[in-house]
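Labels for the chains are A, B and C, by order of writing; each one numbers its residues from 1.
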């Protein structure tokens, strides 16, 4: 909250959005208008630092998957997996197939839950209800009222079942604890396998359902399509994402591929090489750092081929890859690129910021399909191969996964006992910090001009520029002041009513 | 209570990770029962109320406000004070608000050391001009302000009067639901003195189903270096499980995943300092009858301070590092 | 006769007059008797240790040590019976494990090793006791005041403390 004594320079007017809402994390936006009423400058500030990189020093490295998972309680699995991979590398541990599959399986199930809650509860309401709609309804309750109570039931179920799976693997539904150097702490039992397969099957159906909802509610709405394609939400930047050996999107493992704004590969690096490609800079007005591509260099908060600004979002992952590793998601990928670029191969990147929501839904389906594939693998319940014992002398390791919000890098240096000496973390959203600042400024400049009355709706549309990047939060439902009469019926998948509530 | 007869509730996150906000939703379909009786009037992660809106509420407008996250900067303290004024009942939700949580491990470092790692010496940093974030910055357009970073993580009760505390990282769903029912349903008085609820009065060992053979610890080791026996107490096998010094209520979930208790429910009832509680407990558990043997075993513990105080350093007696 | 408590001396009040304040936890059966004997034998030793008598060193909750430092002690000593001589058989076995752990933890927090002593002193070792007190007092004097309350105030922590004392 800005204190009243903070001065605005003469000739300018300040509009503050504080705090930014319907996202995970803290942020504030200061928009400065000149005397004409146009946007002269816009600052997005991240007002928070906790110091994980420092206080991980001195900790036993095998504790880091559980310490760093508290960087984000919405995507704890992302940090846990990146950290566990870094720990594997610290110990030079080679994981058996079952261990690698368990990690990727748990991770993909988490991806479905995480992407679902963002689409339905955080970013989605802006589209389903309308960007400048009544704030009292611009949330999941409004979405329920508009598209039906089926949605509520399905989203609650997706989240509940997703967290149930997390607890089966890792003890706790939020902050599961089971990834260790060398694999996982326990095997998957056959009876657990059956239940997890049931969850995965539901998630595939849910993924299909979600894409259909997106089509019916967003893509069929000319106004929204116009906003996506022609609104002030567009930057031609580099795109980053993890890809497998066939250059298909993979959330858990692979190499980091970066393509330029036209889709040409700039680099494809394995985790130990990350420092050759990424550097971070500091600005005095934000606690969060600004990564950029070293090969291109920092040229300021600008887009284009000559600027080292890059994005690491669901959209970027699809841009950086040549396809998806599952059939339904691949079809969706082709449709997405066909619609937005005219080329279904995906060779031409998509740069429309609001289309990140669409890419996210494609990833949701992909994660569900991949999870179902893995749970059905005959070796997923192997009683021994869920881990190896670490027996080499620890030293240094780097682990990279795709967090839902972007490429996540954990780099540890330890002593010979495995006590951490140095930790370097480049966290998902951090990759996008520069782009987020640019997007917010672009939206503000596009929407706030001379003669325009600045309404709450306009300010929300500025926030939408941020929301497209940040999916990490879950919100099943909540209620707001306003007398919307509401009956909620929770139905089982076959239509049986489980419970009913009215207000 | 609002004009529509419904209770007003709020949730705020300070120096938090978002896990507590998620955990509130782990009550699952029970949330629909909640919204029958309560309206959310402030919840930055999920609803569009801004600080200005809350500042405009009458005092005591919010019936129950859940504050998660530690107090790490000036804004978080400011909002804590604001919410205290605007709330009848203020609840410190989760390990960070109650005991400092994992971010309180930063109290072992100074701001200078944290800044040095984050902004200067980490290997991917390119910062030749030694720029650092400033809480006040002049620009041609006006002053910019970001909150002042405090030298240590504080608990909510270090800055305002707190009525209840729910421990856990994050609190488990069933405990959360019981607490909501008690606080929002009026079964407990609105004002109290940081009474810890949503937990039981024993330690995690009481809830853990692994077999206790009552064997003394003959060696300390670490879980990734061998294959522990599935159903046997991990501490007896030499893994430094925090069960004996951690408040019960979570259901010993981590132990079900064959991972040691990390201590996230904070110190046991009637103890404030979790680290000394664990040292006290270990005094009775080691297989040592000579000083040399005791010293040998103690040296096998990799990181006593960071292990014993993982979630509760702000509740320790000493709280910081010199 | 063992010395009794004197007023707390704030190190800021008059720096030249600061005297180390050391809290000593002594077990009744051995160490306290040993200290008593030092007094009866009129052995000369510095008055800087405030003695807290406990029935057994195993009764000393490690939290008490941290409370002492948190409230302004410059040093803490814990004295008990020799291993094998504990009046309660195995009380000092607990101490024997806890004190090395405390030593590590206090070192992690930046408290110099000389500020925390753990020794076995029997009822017959009045001389050992008196030498220990004098030696530790001089070592702590050389280190200067610890002033943990002041450190906490500087860092803005400490329940019940005036948090505005720093930084405004």
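Definition applied: a contact is a pair of C-beta atoms (placed from the backbone, for glycine too) under 8 Å apart; a residue touches a chain by one contact, two chains touch by 3 or more.
Small disclaimer: the values here were computed from a predicted structure and weren't measured.
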item	value
Interface ranked first by C-beta contact pairs	A-B
Chain at the geometric heart of the assembly (C-alpha centres)	B
Chain centre separation (chain A, chain B; CA means) in Å	24
Geometric centre distance via CA averages, chain C-chain B, whole Å	32
Distance from the mean Cα position of chain C to that of chain A, given in whole angstrom	53
Residues within chain B bordering two or more other chains	108
Shared-contact residues (touching 2 or more other chains) in chain A	none
Residue numbers on chain C that touch chain B, as the complex places them	58, 61-63, 65-67, 69-70, 83, 93-98, 100-102, 104-105, 108-111, 148, 151-152, 154-159, 163, 166-167
Chain A residues within the chain B interface of the complex	1-3, 6-9, 12, 14, 17-26, 28, 30, 32, 40-41, 43, 45-51, 53-55, 57-60, 62-63, 66-67, 70-74, 76, 87, 91, 121-122, 135, 138-139, 156, 159-160, 163, 167, 169-178, 180-182, 185-186, 274-275, 278-287, 289, 291, 298, 387, 389-391, 411, 417-419, 422, 424, 426, 460, 472-481, 483, 488, 490, 498-499, 501-503
Residue ranges of chain B in contact with chain A within the complex	2, 4, 13, 15-23, 25-26, 28-29, 31-33, 35-36, 38-41, 43-52, 72-73, 75, 78-79, 101-103, 105-106, 108-109, 113-114, 116-119, 122-127, 131-134, 136-137, 139-147, 149, 169-170, 172-173, 222-227, 250, 253-259, 262, 302-303, 306-307, 310
Residues on chain B engaged by chain C in the complex (per definition of touch)	107-108, 148, 150-152, 154, 157-159, 271-273, 275-277, 279-280, 282-284, 286, 288-291, 294-295, 297-298, 301, 304-305, 308, 314, 316-322
